[in-house]
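Just so it is clear, A, B and C label the chains in written order, and each chain counts residues from 1 on its own.
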Amino acid sequence: MKASNLAAVPPRPLHACEKHNGEFIQLRDVYKSYGENLVVMDHLDLDMRADDRLVIIGPSGSGKSSLLRVMMGLESIQGGTIRFQGKPYIDGNARGKGKPMDNTLQTQVGMVFQHYTLFPHLSVLGNLILAPMKVHGLSKAQATEKARALLARLGLESKLNVYPSQLSGGQKQRVAIARALMLEPKLMLFDEVTSALDPEMVIEVQNVMLQLAEQKMAMIIVTHDMHFARHIATRVVFCANGKVVEQGHPDQLFTQPREPRTREFLEKVLHLD
Amino acid sequence: MNLDFTVVFSYWQALLQGLALTLVFTVGCAILGSLCGFVLSLLRASNSRWLSVPAGLYVELFRGTPLLIQLFWVFFCFPVVFGVDIPPYLSVLLALTLYMTAITSETFRGALKSIPGEQHDACVALGLASWNKTVFVVFPQALLRGIPPLLSNVVSLFKESALISSVGIADLMFVGQNISNSTARPVEFLSAVAVIYFLVAFPLTRLVGVIEARMLRRYAY
Amino acid sequence: MNYQFDFNFLSGNFGLLWDGLKVTLQLALVSNIVGLVLGFGLCLLTLSRWFFLRWPAQLFIEFFRCTPVLLQIVWFFYCVPMLFDVFIDPITMGVLALGLNLTAFNAEAYRAGVQAVPHEHLDASVALGLRPWQSTLYVILPQALRSAVPVLMTNGISILQQSALVAIVAVGDLMYVGKSIATEAYRPLETYSLIALIYFALSLPIAQFVQWLERRQDTALAR
């Protein structure tokens, strides 16, 4: 697979990528199901450090997207607990509601979706400054300045007053990332953000994510792009049937997976190259 | 039987006055009805059953009965029910507005529903509070998406307004019928009236299509 | 509100009301049949390859869609006997006027249904080697009809409501009967309320059915 335009691999921390090794995020015994038959998170345990870049891979319906959506507070869990930055964040047990309990913590999570979800009736600038002004109380001038700087870093400064319908797919996704970054999140969630893009635009979005990685942004990424997963991850997590089957350093997991299930999946998904 | 369409031109003033009255009622009730319809659609979308059920019932009632009977009911029964004498033009205004309210609330409801769910997700992801989300994200998009069908509703109202002739309001239909009766030339005058209605409704209908294509493509998708 | 409700006078008029209702139902049903059948034919004309077939059909549709129904009915009742020197009984004329109006709206509904069939299905049928008439009959038509049915039914209900307009040209339908009773007995409130309720009772079940149908189609599409 060609990746000549992909930016360099950002440095990976030296610690070992083992389980139960992080206090930034802690998922314990998390349970989520749709109805009786569809269990997407089956007593799932997962840890994350503040300098981690987790990439979650696995077959469809294995709970990858659900995990992101739960962290963002878009969906609830029915069991288990989640801690974020050392504080209780989500409580799925009887007394909790299964969604984020602390609004401030929730605002420190940013998310980018597969289908851009830019607000079509607002220009790029409008999209970027809406939340900072309404949620964080920034003045219009402050927010505009910040937006301008952010777009410049992403190479999109000329698109400030353009409407989403006039942007390409890659540009839209980059604007979506910028929009999330405006709120200075501590954690970024990427839900298959390149799956709906034409191939030639995938690289430009992935480079932005690598740029963020350089700046030590904590991120959880769900992707089908195994090459990119190997490139950006500090730890790869393979999920199947709502459980973490195996996790480890990308080089190790992709070349010498320990679990047969992992091997089975990777054989189907990785192309010989 | 001799058809002479030139006679129509000698009555152009009367016909134009009728058209003017038709347009006054159309525009007036369109504006009032759209505003009320928007409020009604918000009630229907409300979580409280005390609001949503009566609102839904209102819409079903006004869509499930002939406009003619609504008109007659307001015209003949309102004075009885409320014990006041209402001038004819007010009855007509009320009836058409009540009807338009029901129709436009459906339009707005459809527009609200057509906003993709991901827009709501994006608002949660950005931490936008409910009120801000409604005012800055949902409402503008609902309005944009609702404009083409709303304009269609206005064109419908323009056509349905012909009913007010049945209670003696001197709109285009009334004037046309009157003249055709007095000159005993129904073909010429009724056709002329048809052409006038057509010349207003047809371009507007085309305009709706253009607006839909141009504006929506730019700001709604 | 001081008004003595008195529904007793209605009991003496049941026969009249029933006659009026029969006329209304007759008008609604027959014009629906006319509208469904002719609407389909008209739709085929608008989709035809030949300009001289498409254009008059389109004009017909636009004219019936851009003028008031009341005007169409009045035009029929006063002009057709005069123009063609015939006498047609009122109910048939009503059916004609309403039927032609419904034809125009239904033609548009059929057309929208056809255009809603995704392009890919056409491509797929070509790829499978189906001949044009086969792909039309087995692939396009079933799908077009499925999406057109809710609109056709809604149009059908709408014609039921519009049928009340024939009362203005003195056809003895439910509306006309109601109006006569109301004016004779000086009891508009009870009479008109009852008439409205009857129309409502006729159209509500169909409207609910259409909603159910649309919901089912939405879930089917989502899969």
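The criterion applied here is as follows: contacts are C-beta pairs under 8 Å (C-beta built on N, C-alpha and C of every residue); 3 or more make two chains touch, one makes a residue touch a chain.
The structure presented is a predicted model; accordingly, all values stated were derived computationally and were not measured.
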Arrangement of touching chains [line / ring / star / complete / other]: line
Farthest-lying chain, centroid of Cα atoms versus that of chain A: C
Highest C-beta pair count, chain pair: B-C
Chain whose Cα centroid lies nearest the overall Cα centroid: B
Distance from the mean Cα position of chain B to that of chain A, given in whole angstrom: 48
Chain B and chain C: spacing of chain centres that average the CA atoms, whole Å: 19
Chain centre separation in whole Å, for chain C relative to chain A (CA means): 53
Per-residue multi-chain contacts in chain A, two or more chains: none
Touching residues (chain side chain B, partner chain A) in the complex: 116, 118-119, 121-122, 124-129, 132, 136-137, 140-141, 144, 217-221
Residue ranges of chain B in contact with chain C within the complex: 1, 60-61, 63-70, 72-73, 76-77, 80-83, 155, 159-163, 165-166, 173, 176-177, 180, 186-187, 190-191, 193-194, 197-198, 201-202, 205
Contact set on chain A toward chain B in their complex: 72-74, 103, 106-107, 109-111, 113, 115, 117-121, 130-131, 134-135, 163, 165-166, 179-180, 183
Residues of chain C that touch chain B when the two form their complex: 1-3, 62-63, 65-72, 74-75, 78-79, 82-83, 85, 157, 161-165, 167-168, 175, 178-179, 182, 188-189, 192-193, 195-196, 199-200, 203-204, 207
